[in-house]
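Each chain carries a letter (A, B, C, D, E and F) given by its place in the written order, and its residues are counted from 1.
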Amino acid sequence: MTEEFIPAYMGISTFMHAKHTRDLTDVDMAVVGIPFDSGAVSWRSGTRHGPGSIRENSKQLWGYNRHVGIWPTKDVNFIDYGDIECDPTNIDRSADAITAGVLELLKQDVRVMSLGGDHSITYPLLRAHAEKFGPVALVHFDSHTDCYQVIPQLEHGTPFHLAIRDGFVDTSAYVQVGIRGPQSNEGELKEAEDLGADVLTIEKCFEMGTSAIVDHIRQKVGDRPVYVTLDIDSIDPAYAPGTGTPEVGGFTSFQMLHMVRGLAGLNVIGADLVEVNPHYDHGAITAILGANLAFELMSVMGKNLM
Amino acid sequence: MTEEFIPAYMGISTFMHAKHTRDLTDVDMAVVGIPFDSGAVSWRSGTRHGPGSIRENSKQLWGYNRHVGIWPTKDVNFIDYGDIECDPTNIDRSADAITAGVLELLKQDVRVMSLGGDHSITYPLLRAHAEKFGPVALVHFDSHTDCYQVIPQLEHGTPFHLAIRDGFVDTSAYVQVGIRGPQSNEGELKEAEDLGADVLTIEKCFEMGTSAIVDHIRQKVGDRPVYVTLDIDSIDPAYAPGTGTPEVGGFTSFQMLHMVRGLAGLNVIGADLVEVNPHYDHGAITAILGANLAFELMSVMGKNLM
Amino acid sequence: MTEEFIPAYMGISTFMHAKHTRDLTDVDMAVVGIPFDSGAVSWRSGTRHGPGSIRENSKQLWGYNRHVGIWPTKDVNFIDYGDIECDPTNIDRSADAITAGVLELLKQDVRVMSLGGDHSITYPLLRAHAEKFGPVALVHFDSHTDCYQVIPQLEHGTPFHLAIRDGFVDTSAYVQVGIRGPQSNEGELKEAEDLGADVLTIEKCFEMGTSAIVDHIRQKVGDRPVYVTLDIDSIDPAYAPGTGTPEVGGFTSFQMLHMVRGLAGLNVIGADLVEVNPHYDHGAITAILGANLAFELMSVMGKNLM
Amino acid sequence: MTEEFIPAYMGISTFMHAKHTRDLTDVDMAVVGIPFDSGAVSWRSGTRHGPGSIRENSKQLWGYNRHVGIWPTKDVNFIDYGDIECDPTNIDRSADAITAGVLELLKQDVRVMSLGGDHSITYPLLRAHAEKFGPVALVHFDSHTDCYQVIPQLEHGTPFHLAIRDGFVDTSAYVQVGIRGPQSNEGELKEAEDLGADVLTIEKCFEMGTSAIVDHIRQKVGDRPVYVTLDIDSIDPAYAPGTGTPEVGGFTSFQMLHMVRGLAGLNVIGADLVEVNPHYDHGAITAILGANLAFELMSVMGKNLM
Amino acid sequence: MTEEFIPAYMGISTFMHAKHTRDLTDVDMAVVGIPFDSGAVSWRSGTRHGPGSIRENSKQLWGYNRHVGIWPTKDVNFIDYGDIECDPTNIDRSADAITAGVLELLKQDVRVMSLGGDHSITYPLLRAHAEKFGPVALVHFDSHTDCYQVIPQLEHGTPFHLAIRDGFVDTSAYVQVGIRGPQSNEGELKEAEDLGADVLTIEKCFEMGTSAIVDHIRQKVGDRPVYVTLDIDSIDPAYAPGTGTPEVGGFTSFQMLHMVRGLAGLNVIGADLVEVNPHYDHGAITAILGANLAFELMSVMGKNLM
Amino acid sequence: MTEEFIPAYMGISTFMHAKHTRDLTDVDMAVVGIPFDSGAVSWRSGTRHGPGSIRENSKQLWGYNRHVGIWPTKDVNFIDYGDIECDPTNIDRSADAITAGVLELLKQDVRVMSLGGDHSITYPLLRAHAEKFGPVALVHFDSHTDCYQVIPQLEHGTPFHLAIRDGFVDTSAYVQVGIRGPQSNEGELKEAEDLGADVLTIEKCFEMGTSAIVDHIRQKVGDRPVYVTLDIDSIDPAYAPGTGTPEVGGFTSFQMLHMVRGLAGLNVIGADLVEVNPHYDHGAITAILGANLAFELMSVMGKNLM
């Protein structure tokens, strides 16, 4: 059987059966796991097991993406880099390890598709990408704004107000998509907007439709270097039960696939997929969805490298 | 950390971390658990574990409802009253205990948000509310009519024909929303309509859209005192797997949230959320959805008390 | 309690509490289980347990179908025939057993509703039906084309190119509905189209809407004898997690119910429902959906026999 | 394949693939399911699903018992009678149905192996057997005495004090085996002993060893007609997690098998296996153990009929 | 129903239905939850959910302990204090919060039964108890020595070498019971012994038997104030699957119950039960076992207070 | 962190974090996965997922074995070879692939620790080892004899009568350990004994104790080259629920560990661990036990290579 048709139940679990190596020579794009979940202070731990579960369930995926027109694991030089080691007892040490680890790849012009881990990891990821690319435009799929300023320290509800504070984000092009749920206070959305976020609540999203959302994002981002962060809880728990702080009333999987594919052609220079928590998954449907979304993000990112 | 931000994994599991007490002094609204499942004669037992699971999973919820404009656990005086004790070996004794128990709260002008339990509990709940408010308008979200007259006794398929028989319902304002599934006989829907129910089948609902359904309900109910009963199986099993008699082809969670929020402004004097069965839940997504819907129902009910 | 109201948790698990017998005298329609999963070469085994799980969860179903106007287990003479014995160690021996087993029923003018099993069983099922009815029109709900010619032997990715090769399908009326997912190569869809399939990708389906899809199918099929094969993975994993090769971004349960009901009036002479894998199911929602879809297919098929 | 070698995953789920019929002509022994769980007032519901799960998992069992020297489903005329219908809303109506239902078999000299259901069903079962055989000796494997006199009505903690009160048990030969756990009051064991029970606590059992326990029972019972009731929670939750009120610190599966086999030669005239609750089972290990224990009980009971 | 007989499925989930309060007036003994799991650096996160699960599953427990001769929730003044808030992002801040929180109780002469959380919490717990009682004797049930000196910082593999370093433990009376598993290096056991631990490996334990182990511990401890720490992974995964780093080949539940009861009469001044991880539990058997062991530890500790 | 202390949740899932390569230069010992489950004709499919689950759960294991005195992944040159590709649709093709694949390693003097897969794989494994070493002594831990001569073809109940027929086994040294369960016929054990097997039934084993069993095996095997096959269902389902045909009343995990360690010093030239089925596992306790047993088998096998 050719490499493309290795059965999904077979072999060592790398992302889509890709080669696992730390040798970056000629590498264009890499999957990097970031198994860190001590930033999940609000409810359930477990996203440290996310990268492993996504890898295992990515082995089902065939490789050609007819929507984007790329075989992202073949048309560019792609590897599975493995995981960055964090320290569950200390978030600051972990954040430093993440930034340093990812910078090693970025410095060698490798595009990084990060698999979380809880959403706190996006702060050190943005820090690394900003060091390489300067302040980046940001497309942020989530049910929560993760901009809660009442909390001054890094955890999974604060990466974006910290990243903005530290200048990693080009706030003229920061879109939040899918925000919903009971809120921490009356002014929560305004708080995010005051930081510069363009907040599309879920009811706004459902009114607009995914094509209009895509247009809105594309217009906003233009040709800036853009980072995409996708919190799996932006999707409804029916489609993505395996996550730490599920919010009901979210996107379907098709809607999210459609939006991510719609980013093709933008100058996507980095992406992460976070908050997949296998402890609450079943039939691995969340990990499978996560693997598919990573595949789509890689397609969009890789297309520019062909 | 302030009371609003107690982590969901922490502390004693009351509804949304509310105070648990039986002291009703100055109380405006209460959550009451009714852990009774011997009325579930058709298939799966287990809804006695519903109130506990909903409480546990409600702790994730922040408190401000921007759709309704209320923080229902703070803007009114709210408590978690605990559970009413039933007798699993005898439904009639249990029904009497429920009516008596809830009347204690109603008599002190406490609005009650009941958490089931199987749908048979709505009969004694309506009995209590009718004693307080007279015959009530009824908004009934369900996949089943629960009006099966072939069965003369109380169980979870009969609360509504019994409640109508006994005069607890104002049948000029009784709407059923979401009815579907294989049927017990050719005349099943007509049977419910003959009792006075305005039956909106699921295909009718999908044709109308949720905004039109809301308008229809509001017009029908007007300013009558209205009771809302929400059987979680009105929602599709994809979104609410944890229930006793799932019916495929139902609402999404967003559609249901939208309809419940649409009741704001009506004179809602009581509500229940029933048929959450943790034995068949996974990742607690049904209990989380149940907690959110109870939150929305409480918001609608509490808004009138502000 | 009358036969129609046997509680779902009670009794021996036959399909919808039907009579289990091998006596075909005067029988019009039968459910036949085909517990074979060695054709699932791509990922997960377990569909051998599909027929048992569907039977167990079919017991909840009441019997009258108001959409089609039939009580399919009463209005025609219906039985649960039990299972056909296969040999997990050898697919060819198994395929022969399936064709022979089903032909016994077809020869006595019994319509067969087959419950898989993996999708490889549709090859021997088509072989049997073609022997009885000649080449059949084919309505094929799936996320995969299952026409992968690179693989010459029978497995669950090849039944249709083999069936076409062997003349069992009237390729002037072969519609595939719901195709999606990363692909095996750039020409995958064209490959299926070259074989004669009318491929409706999922994005095409979502653009058309289910009513237009139904019209399209009806026009294509006309009054030909038509076989319907329904791979449960055509539906989104949120609704049907219990399957071997889930593809995200699929149909809702309501959409599928609507399409199947829309086939009423066509000359449906056989049907199968495949790829239900209880190992990955939860709360039995996939088996319940499978049981409902079999009920709808039986209604459509049985209506012609009234 | 011969009848003895039908694969376990195949066919309609009767007990050990036995014939399902209500025709009692020439029948020697029958399995009867009693899917009733409203007597489980102390904690978890779900044993109504016990008979179905035991049946499904009994299909793995081959038939020859080399310890007892019998093929219990062949060496005597054995059937699966199906279930007795109970009414979950009322325990007294249910108890009457059970006594009446089982008496039908006893009157035709059929030995009955009952599958529960919660332990309250043993009261009506003893009532039926006492009507046929007079007061019976009783071997009672359990972690709880189920003799709690503080509760006057029938539920799963009271069948034995009620049965003794009503004269169904020969208290000169009533042995309880495996009693343990935190207790309802200081005098709990004495209460049971005062009723006539010979209480072997678990620590006594572990001191004696299973051979000595068997000797003790045999001496006590002698040649009296004896009924055996086996609550699955007598076994440790490691071996039998699927039950309603698990008590840690219990028997291993081998110890229980050994004790049951040791009853061979006694005049066992009836037996039940209760409290298997599939909601809390995993990998079906409790149902498999239950099926094996029913097989052993049937062997012991059937041996006398050869 | 009297307070002692509240059904387990009912009411707010406090430990054994005890009163939840922070008022320590006249309190003798308290359960305290410590939902912290960021010290679990070796494998699985999730023990933050331990206290909640143990509470929920403790509600089944009746109250009288006939082995120790005490009703620990009635014979002394007992409360459920709730949880101590930790910070998942920083273990040092969390350890300080734990020591401070528990000292508040100790200073008011309340004995504390702590429910973890991962084993790192025993370091701050020993720090608090040593401040109150001076260096304490230590009985340590575990499969791992948790004395790994190669790691200098606090995490769940190091609490004991740190506690010894800081003088919290009277190393002339420190017994480790149940050590096993593949090891970090050839000298692992010697390393623990050099620190002062009396290491009983599992094979030594099985040779001695639990009565001899108890004698050994009693002799060693004498009348010193003694702290008991019980890592649930000392018990075999068959009995306690729900834990973070399971080690096969361990104690049965009965053996552990027997050993804990054997500590009655010692001057037990504090105890903890750690590493219950509900994410990997099933049927809640680990949480039930944890609740029973906490009940036994409370009985032993409370007996001295009667 | 040194290689020995990579956290278990981190990195690519190879066996005990070993190097994955197909380069056999200087390799002494290798783990080889054989993900084949079409030989499981009797009940449940799913062991194709065994090697992956064992690998994932082996990452927790530290490396030094103090019982055998070896760090098997360091003291000899050890690799994870990955999986051998089989064809689920045809057992004969698969058996040929297995024999050929393993012979490649054996010919280069690599010792092979195979991870199944169902027990049918032991036939081609013995075929390969016999080609290298001549007829081998055989230590066979199992609950079933797997010598069922009534079945002439290869499946998981026949590998040993076929291997004996074909001369792969030195029947003067073939011991079966742990046989139990209801049987296929009265003469089942004699059938195995007539083939040359020395059958130790489970009751015999429990009478002898594990030390005597080890002595018995050692005496029988002497200095012959010996192959060890360990069916996980030899262990009780409480300890190993994740398997296809569980037999209650089996060994504890400690007993099995003790027996395997007792083989140290024998000339073990090959070993397999089969029938781990993750579909029925929970908390991964079966996979963890499997990983530990593979570690012990590797230790025993590797010790001879130091």
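The rule we apply is simple: a contact is a pair of C-beta atoms (placed from the backbone, for glycine too) under 8 Å apart; a residue touches a chain by one contact, two chains touch by 3 or more.
Every value quoted in this text rests on a predicted model; they were computed, and no experiment measured them.
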- prompt: Using direct touches as single steps, what is the fewest number of steps from chain A over to chain D?
  reply: 2
Distance-maximising chain from chain B - centres being C-alpha averages: F
Query: Since chain E and chain F share one sequence, what rotation angle in degrees maps the C-alpha trace of one onto the other, as a multiple of 5?
result: 120
- line: Counting C-beta pairs in contact for A-F and for A-B, the higher total belongs to A-B
Task: Report the inter-chain centroid distance for chain C and chain E in whole angstrom, where each centroid is the mean of the CA atoms.
output: 55
Message: I'd like the Å distance between the centres of chain B and chain E, where a centre is the mean of that chain's Cα atoms.
response: 41
Message: Please output the residue numbers of chain A that touch at least 2 other chains, ranges allowed.
response: 7, 9, 41, 44, 48-49, 236, 238-239, 282
Statement: Per the touch criterion, the pairs are A-B, A-C, A-E, A-F, B-C, B-D, B-E, C-D, C-F, D-E, D-F, E-F
Field: Footprint of chain B on chain C - complex, ascending
entry: 4-5, 7-9, 59-66, 236, 238-239, 252-254, 257-258, 282-285, 288-289, 292, 295
Query: Across the complex, what residues on chain F touch chain D?
result: 41-44, 150, 181-186, 188-189, 202-203, 206, 236-239, 241-242, 245-246, 248-250, 280-282
- prompt: Of all residues in chain F, which touch chain A in the complex?
  reply: 1, 6-7, 9-14, 20, 33, 35, 48-49, 52, 55-56, 80, 82-83, 85
Message: Which stretch or stretches of chain D touch chain B in the complex?
response: 37-41, 44-46, 48-49, 87-91, 120, 153-155, 279
